[in-house]
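Report on the following structure.
Here the chain labels run A, B, C and D in written order, and each chain numbers its own residues starting at 1.
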């Protein structure tokens, strides 16, 4: 992602607090989200849903300043106008079972302000985009989880909003459905200039679709930044699977003074100094072995997520 | 389908996004579409009102025919004729009152069935998340649901009433039914609209309070049957009709007698009392609905 | 108890015209097994048949040697964690598990002990004293797993137990099932988030359109697919030079160079010979190979081929 | 057989606690308290009112005719119907227990609560009615056993109604709606028709039980006394018979019933 000129942030929150009785759902959130695809991560109950409701203008912050696409969710007029510019895909079930997909998406589009004919055409266009073919005329009660998730995305797209709030879009989907959904999200986030705020627990999904990551924990921003920076590991090491005489290869490495530890019978983790693995290939060849896999070891987002949570809690303890 | 193919399919929307003044209208249309999808309940619940309308219209038609066929007797003089017209008009008037009483019972059934699930089913399905994440104010949301219940009420009550009045008007010789009995027609329409408004508000409030449609139905039946029984029991006990005021149904009958019926009515109390009670009930119901919808908008 | 954990013979079940399971012949041994398949492939129907909630429309099924439908003997020796979230909302977590344990015939004290022990194991701390109505999705899932293992069954059947859990919860539950497996308890887990199954077990059963598509360790399932070429993904500083060299190898089917990030996708029928050749070429040409991955080992690739 | 009894006792205890804690109990409690409350209010009024009328009018028109079926529908539907709708039934169906015990155990809990509440309400009503000034003409004296009869009738009514509505839960997805349909349209219509088809309703047998013991006391309230009432013993046998048959049918069906709770 070439760093384009820093545009105005899509979402900016300063010192936002939201209290539900004794529970502080949002505890002084400082956040600025640039256009493009951003992931909002956090364990259950970290305040993600509250933040989404705040961004939709459904919930008023107790303190602090919130700006979404230039609107202030606190002002009622802005609140209504704001919701015309946002597509929200809820995490929980939210589809009325007796309606069919076309009825639902066109009705919701009309409520947002499209004319009757625009609403119908947009409904069909969105449903085509999410790949819901002729089932769109059957009642939603008979839909599988996958089809429901697609209708949820379609209704968020119908009025072509510049900002999409997607809450766990791949929840309950099988691999095929999940990959299709991720392709849509990645495509929306990058090819059409839409900004996407994606909440998800499935970190592999986030890695495939988002450029920036914000980690929320107990109502506070524990970490935020570009995905690549966050996951660049400190020491460069690579995981290698070897076929043939593994011990000889390990011996060769040790002779060269290259530190390596044995992860499993045929997998070694090597802290090679060099930029690439050519030297390793050479070494393997020399002892009659060959390499079957070479993986540059970046700490996966799971690891980052767990570490960030750990030290954010230690910091607080 | 790799991502590349998606770029062409997604077409940005070039149309204008009009500021939606009538945001309640599409929601109302959608609710009506859902309700009328299943034809069986529609038939069962509206068979009664339809029959009431047709049968009573036929009776009204018959009562005017007797005059033309004449009983073979000498041509009645002017006064005799006028007396006969008056008798027929009174006859039709009584028919309308009976029709309205029957229609009321069917209306409660139909509106309870279609109205009870309106708000609680939205909450159970989670659909309010979709509605309130759009520029839909709480008032629009309530208005859409109110209009749905109101529509079914009109079909059950206003429908038969209007049918009977029209048939009576066209069959009465040179429209004397219209010229002389127009207060009855106006009264029928007024009463039907008032009755349906109060009932819609009550049912919406019950729907907003209950968790499931079945509980809402039980509550609506409960309110009607228990107040009816209470009124009846107290009246029998105290041997005074005044105590009928405890029953909701009696208030509706009192207003019906006052607007449509003849002046003397089996109920003694001043009709304004009933109007006050029903009006108050409607306001309280709207307040409950507004309060619950407010909570729905915020809580997931 | 020896013998197969579970044996199905031409098992079929449908709801009206909707086919849940069309013709399944399968036998599972003890241990941890992953049940994988797209939405609507028949996993939930199969698990309901195993749990004895519904009867087969056709064919036979035996679990632990017993006919499952409403079979108390089976329910004593097996625990079930259903897919839906509903639980007794007005009771607390502890009350729910203790009540269900009483139904197993345990005395009051024993039931409480088992309930607490199971709730500790799933990590539902002091939330067990709170009403289930207020539980988050993750906590509900833990309570459901607790009621399935509290009576120490031989077999635990769980339908999508990781749904809605965050990575921390997911890792803990995977560890719990793996530990149960090590303690000799057979575990049958259905899920379609593939990287969870990989962490949990190698033994998978693949469902598709109500039929058994493949069964066995992931690698072995992969072998079955000789008709699909193997895909290898390479990254190098000079992708073009490396690609030119690879194309000349006669056992390489196709080479695709993705310009943006210097990625090369290679398809070949003989993986072994390709790796040997690659080691030699990389050492000679010094094109700066940074990563080498063959998509075959991980489950998603296997799943793709089978289900595509 | 031992498993059946043990499970029934267990489910009885758990459901009893849950029923008392449930929010719907407020609705039922209000319905039950209405008659004695009104009687107490009427007692304050200066007018001379006969205790007999208070007992018969409120006892029958309010409690037996409306509150008994309504409360039974609300509580009865929760025995099984609600658990099916929430799909928590799977937790019971996969336990080593006898399935009929689920229906019987839970119905007993509901019946216990209903019978206790309604008997209490009738007794309370009887005692309040007793305190009214004695009527001038002793034809209107409250006969000795009348309160007892009302207590018996209320208890029998909810006993039978709850059995019927609980069993509906085994067969219908929405037992509440079916129950309401039966209670207020079928019973409301048939029970008040002259002629034989009254016998199709539970209300008829309850009225026979009431009217057969003190016919003259019920003269004041219209359509209580059916044309040829059965005597008290016969109507009790009918009511208990209906309840047991309903439960037996439900219990047997539950053994083989498959609940396809597809998502």
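One rule holds for everything that comes next: contacts are C-beta pairs under 8 Å (C-beta built on N, C-alpha and C of every residue); 3 or more make two chains touch, one makes a residue touch a chain.
What you see is a predicted model; the values in this text were computed from it and never measured.
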Discussion item. Measuring between Cα centroids, what's the chain most distant from chain C?
Written reply: B
Discussion item. Per the definition at the top, count C-beta pairs in contact and tell me whether A-B or C-D has more.
Written reply: A-B
Item to complete: Please work out the Cα centroid separation of chain C and chain D, and write it as a whole number of Å.
Response: 50
Discussion item. Taking the mean of the CA coordinates per chain, how far is chain A from chain C in Å?
Written reply: 23
Worksheet entry | Cα-centroid distance, chain A relative to chain D, in whole angstrom | 56
Worksheet item: Touching two or more other chains, which residues of chain C qualify?
Response: none
Discussion item. By the touch rule stated above, which residues of chain D touch at least two different other chains?
Written reply: 263
Discussion item. Can you list every residue of chain B that touches 2 or more other chains, as numbers and ranges?
Written reply: none
Worksheet item: Does the chain-touch network form a line, ring, star, complete graph or other?
Response: ring
Worksheet entry | Partner chain B, residues of chain D touching it in the complex | 24, 27, 31, 34, 38, 42, 45, 47, 49, 53-54, 57-58, 61-62, 65-67, 70, 73-74, 77, 81, 85, 174, 176-177, 180, 184-185, 220-221
Response to the item:
chain D residues touching chain C in their complex are 3, 6-7, 10, 14, 18, 21-22, 86-88, 90-99, 255-256, 258-263
Fill in: chain C residues touching chain A - in the complex, by the definition given at the top
37-41, 136-139, 160, 163-170, 192-195, 236-237, 272, 275-276, 278-280, 282-283, 286-294, 300, 303-304, 307
Response to the item:
The chain A residues in contact with chain C across the complex are 42-45, 144-146, 171-178, 201-204, 238, 243, 275-278, 281-282, 284-285, 289-296, 302, 305-306, 309
Discussion item. Show me the residue ranges of chain A that touch chain B in the complex, using the header's touch definition.
Written reply: 49, 53, 56, 58-59, 80-81, 83-84, 86, 88, 90, 92-99, 103-104, 106-108, 110-115, 118-119, 122, 125, 128-129, 131, 139, 155, 157, 159-160, 180, 183-184, 186-188, 191-192
